[in-house]
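Each of the two complexes below includes chain A, the first together with chain B, the second together with chain C.
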Partner chain A sequence: MYRIRFHGRGGQGMKTASRILGTAFFLEGLEVQDAPRYGAECRGAPIFAYVRASRSPINERGIIRCPDLVIIADDSLVTVPAAGVLAGVTDQTFMLVSTSEKAVTWSHRLNFAGSILTLPTPVEITDRMELRFVGATCAGAAARLCGIITSATLEQAVREELTGLPSSVIERNLEKALEGYTLMAEHEGCIKEKAMLSAEQYEVPEWINLPFEKASISAPVIHSSLTSELMPTGLWRTMRPVIDREHCKKCWWICSTSCPDGAIDIDADNNPQIDYEHCKGCLTCVTVCPSHAIQAIPEHKNPTSEETGS
Partner chain B sequence: MNETLFRRIKDLPSTHLLGTGVPTCAGCGGLQALHQIYDVLGEKTVFVNAAGCMTLLSVYPFTPFRGSWLYTAMAAAPAGAQGIRDALDIQLKKGQITTDDDLQAIVLTGDGAAYGMGMSATSSAIERGLDFVYICYDNEGYGNTGQQYSEATPHAARTSTSKGPQGYPGYKKDLFSIWAAHKPSYVATVIGAEPLDLARKIEKAKEKQGPRLILALSPCPTGWDYDPKESADVGHLAVRTGIWPLKEYEDGKVVHTKVPRKRLPVEEYLKRQGRFSHLFEPMRNEEILTGIQERVDAYWAEIEG
Partner chain C sequence: MTRKLLTGNGAAAWGARLAVVDYIPAFPITPQTEIIENLENWIDNEQMPARMVTLESEHSMITAAGAAAATGVRVFSATSSQGLLYAMEMLYTVAGWRAPFVLVNVSRGLSAPITLEPDHNDIMAARDSGFLQIHCADCQEVLDSVLIAYRLGEDERVRLPVIVNLDGFYLSFTREPVEIPDPQAVAHFLPPYDPENIRFRASTPISQAVAVLGGTPYSYFRYESHLAAQKALEVYDEITAEFAEEFGRPREALESYRTEDAEYLFFQIGSFATKAREAVDRLRESGWAIGLLRPRLFRPLPEKHIRQALAGKKGVAVIDQNLAAGRGGVLYSELASVLFGHANMPGILTSFIGGLGGRDISTEEYFEMAMVTRQAVTDGEAPSPRLLYTETELREVQKLQAIANMERIELGAKP
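Moving on to the complex of A and B:
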């Protein structure tokens, strides 16, 4: 069985990538499971998708804990704990990273003994959300790495999965899928089919059994307010809005009122303060600020505290 | 309007009541409107939330609210509000709480519930004169499940269930008029991109009694297919092209609160959104574009006399 796990951000096409790959396996005559994991499937949030493919019936279910191939469509996710990119990875695992850096850099950075392959992205890309077709590239590359999917099958899978979209979009995805396929030519077939797990080998999920209790005890009641603030939605951000204090007119309401998340408050001196723990990076504030005092900078550039204005 | 607290934009709240950290999409126009609405309605509220995108607000054990939140089935939020109102009334009558402790029941639903499934329950609640506020965040489709069409979907928009070259064949239901025909205390349309207009209307709704219904157009980067940073622009264009009329109903009259002086062509709004891209590419669909413009023109011709 092949076990492949996709990691990306909402909007980068991970669900579609898993479906393209799944359909391609299916068209080659394999049994297939492909599914995204549901959660906060919002733009920018970490997204997971899974593909299992096998020549015999698949009895495994649920998420893939020990993947043969991990595909990382957005390298900024590697440092995000919630993305769980490295979960279940061993030195037998292949990692395919879409990145502007070298494979060896990632090997050192992650202290990873397995194989790392890269899908090069242009260095000048500031916001990775611009890579709209990265999912297709990843699906094409994965198809080649597994070694049993022909380019004709890949093409058919892309067309089937994207039926109904404008033909220009389909062609662009196809071009990107084949680009990924070609790039992995020298690694064709490096992902080998692994044995099925027997029921005994199946890892018990990390759940906690709770005894059945009376509704007054077990019903979900939340007694404190504003607990949502414990959720660090700032991790979704790929671009960071930064207020230029010299140009800010302290108008006192425009960015603060327009921020969908209410993540901008005004302090006692009428300065707007962005709550980076929770700012999702939608950049509405950048658009609405009449004096253009808010700039967007790539999140991975790690601005100094001076630049963030804090 | 003379007694409003919100005479100028500087009167808008500078700190916000709704908690951050909710997992709605970045750039959510519905959340933008909701956090502005909550600032005016205040903490003495109980939210009754029908299934929809805003289900994401209170994912156990997290809540962005300062008060209680009740989750109901899609069609049942006004019935939930009735239960809460009744319980509060009984407690008031028995002297278990004082009028200072009283809360407002606020229904929060998307357009799927408001325009479709929940309409019967809403109609009955208005008919019974239920003292509640209904807030509909209208993103013109079933956004939380992948933007299938709803009865609020505009003509020709692409949804995940209307993908052909013509888009959605139906026309957006006129919920404002349907609500107003029940003669409730108050009905208004709002949008987060016009926060002053919104604040005044919510303030008015807050002061009134009986059924008060607010319809908030909620630009949706995910479902409408545009970059999240354009939410405010798309919202402004909805108003400036005349597609989303800002108006209110009270005492039997409908008043337009913001009449665009010179309406922009509807194209300016449509072309910003991927869900209408098939009207422009690979070639312009003049018939549909003209049709949409004519319907908007006809609406305003009637208003402007």
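Moving on to the complex of A and C:
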């Protein structure tokens, strides 16, 4: 059985990628199971999707815990624990990362003994609208890595999955899918069908007896203000609002009251300060600022503290 | 016939489309909404000659479904979790009207705390409502079960509403290859509805909800519903024999997977049972005599089928994806009552609670449940019911508790 997991952010087309790959396998005559796992259901929030494909009926079900191939459409997710990118990864796993960095850099960073492949992305993204096609590229790359999907089948799968969209969008996705497919030519077939788990030798689950705890501990009660503080939702951000102090008129209440997350505070001198731990990058402040003093910059540019004015 | 990839929700919608339903009262709820979206899309594009009405709540939705069914038309509706519970008053009421329709429930755990992910506490809450229940293990079965449900509910010997249950996420959002049968073949298996004397019209009012006092007529009406639900078992067997002939897929009341020579069995309902099938295959490879029993039909429960299948077996691992607070697993209790007092039944039932709120059950856990059951048979004593929960999971919760504790300290409470 092939077991493949796609990780990305809401809006990057991970569900579509899994469906393109699933349909491609199906068209090649395999039994298939594909599914997205929704979480925050928010643009920019981590999402993953998975595909199983096999020559015989599939009885496995649910999230793939030990994937043969993990595809990471957005390398900033690696450090987000909730994204679970590295879950179940072993030295037998292949990782395909869409990144501007080298594979060896990721191997070192993650101390990862398995194989890392990359889909190169430019350091500077000139057209952010292009980002939405990354899913198609990933699907095309995955199709090639599995070695049993022809480019004609991939094309048919893209067309089937995108039926109803404008033809320009379909063509662009197709182009990106085939680009991913071509890029992986030298690794064609490196993902093999893996055997099923054996009952001879298996890791015994570490079941415990859940201890009794009083309701003062065990009731599902959270204190919203403090919990919000401790949950770093800023990790969802792909674009960062940055205040240009020269042009900021300190009218203070417009950006701070418009922020849906209450992530803009005002200091003693009436300077708005953005709390990047919790700013989700919705860019409402950028839109409402009357003096156009808030800019949006891609998150990966990682501006200095001076630039962010904090 | 076409074979294509469909989600469980897509398969449910196709079932309703092929059944040529007349009326669909609807209310959205995750993870069910996709069913309604599919149907309204087809209706808008004139691919389906049905009427859809969105109601203001599930309570009204089930009332509308029952009222429409009482006019003698074919009715379909769908809900999940909190929606099913919000409709609970009307579930019991419309079942008492004896006007059949089909309701799909996409299982999802109940609040509080709230979740979107599946377990069976919602559908178990409707266990005693008078609705019959069919539980699905894969997407193909969802489509097939909707068709079977109409035949079953509409049969003159039954005339009860039927719930078709599928698990949220694990089926609702999961695509699998599904054979969509030809409409002609479906029409042959499921002809247009003959409602007999069910024909409420505004011009000739009837009452579906007579007041009865003193208990005598009440007992009669309620027990007749019970007898009809029991009758539904033999009707189901007849219908699924026809279904198998028409479509080649046996949909028996009780799935028996590799049970003939088995000494041990898993006992489970719903989509996780395919995981049990997988574990059975792997355990068999290592020499185990083990199988799976899965009731498709949960109401009525195919008691005789179960006793037949369990005669002479040594031990059964019962896996409940529900939790009756203060009692334990519902399936476990049900199975124990089916076996008690009958000769040659397995002496050991082990009880496992797992899969609550979408918590997965791993293949290794199935292996271990088999081991525990075999050990219990050797010891002659079943261990206490076991929640499938690992040390790592507890550590994860303790991490959350550490945050909660910090809050308490900051808010000035004693740690």
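Note that the second predicted complex is superposed on the first by the 267 of 310 C-alpha atoms of A that agree within 3 Å, B and C clash if a C-alpha of one lies under 4 Å from a C-alpha of the other, contacts with A are read in each partner's own complex, and residues count from 1 in each chain.
Here, a contact is a pair of C-beta atoms (placed from the backbone, for glycine too) under 8 Å apart; a residue touches a chain by one contact, two chains touch by 3 or more.
Being a predicted model, the structure only gives us computed values, none of them experimental.
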Inset, instruction - Look at A:43 in the shared chain and tell me whether it touches chain B only, chain C only, both, or neither; answer first, second, both or neither. - result: first
Inset, instruction - May I ask you to decide whether A:230 touches chain B, chain C, both, or neither, giving the answer as first, second, both or neither? - result: both
Inset, instruction - Considering only touches as defined above, state whether A:290 meets chain B (first), chain C (second), both or neither. - result: neither
Inset, instruction - Please work out whether A:260 is in contact with chain B alone, chain C alone, both, or neither, and reply first, second, both or neither. - result: first
Inset, instruction - Identify the partner contact of A:29: answer first if only chain B is touched, second if only chain C is, both if each is, neither if none is. - result: neither
Inset, instruction - Have a look at where A:122 lands relative to chain B and chain C in the superposition and call it first, second, both or neither. - result: neither
Inset, instruction - Return first, second, both or neither, reflecting whether A:278 touches chain B, chain C, both chains, or no partner chain. - result: first
Legend entry - chain B/chain C common contact set on chain A: 220, 222, 226-227, 230
Inset, instruction - Please give the residue numbers of chain C that touch chain A in the complex, ascending. - result: 5, 7, 112-113, 116, 169-170, 173-177, 271-272, 274-275, 277-279, 281-283, 285-286, 288, 360, 362-365, 367-368, 386-392, 394, 401, 403-404, 406-407, 410-411
Legend entry - In the complex with chain B, residue positions of chain A that touch it: 10, 39-40, 42-45, 164-168, 220, 222, 225-233, 236, 252-254, 256-263, 265-266, 270, 275, 277-278, 280-284, 286-288, 296
Inset, instruction - Please name which positions on chain B make contact with chain A in the complex. - result: 9-10, 12-16, 18-29, 31-32, 35-36, 56-58, 60-67, 163-164, 192-193, 195, 221-222, 228-233, 277-278, 281-282
Inset, instruction - Flag every residue of chain A that touches chain C in the complex, lowest number first. - result: 19, 22-23, 26, 31-38, 58-63, 65, 196-200, 202-210, 217, 220-223, 226-227, 230
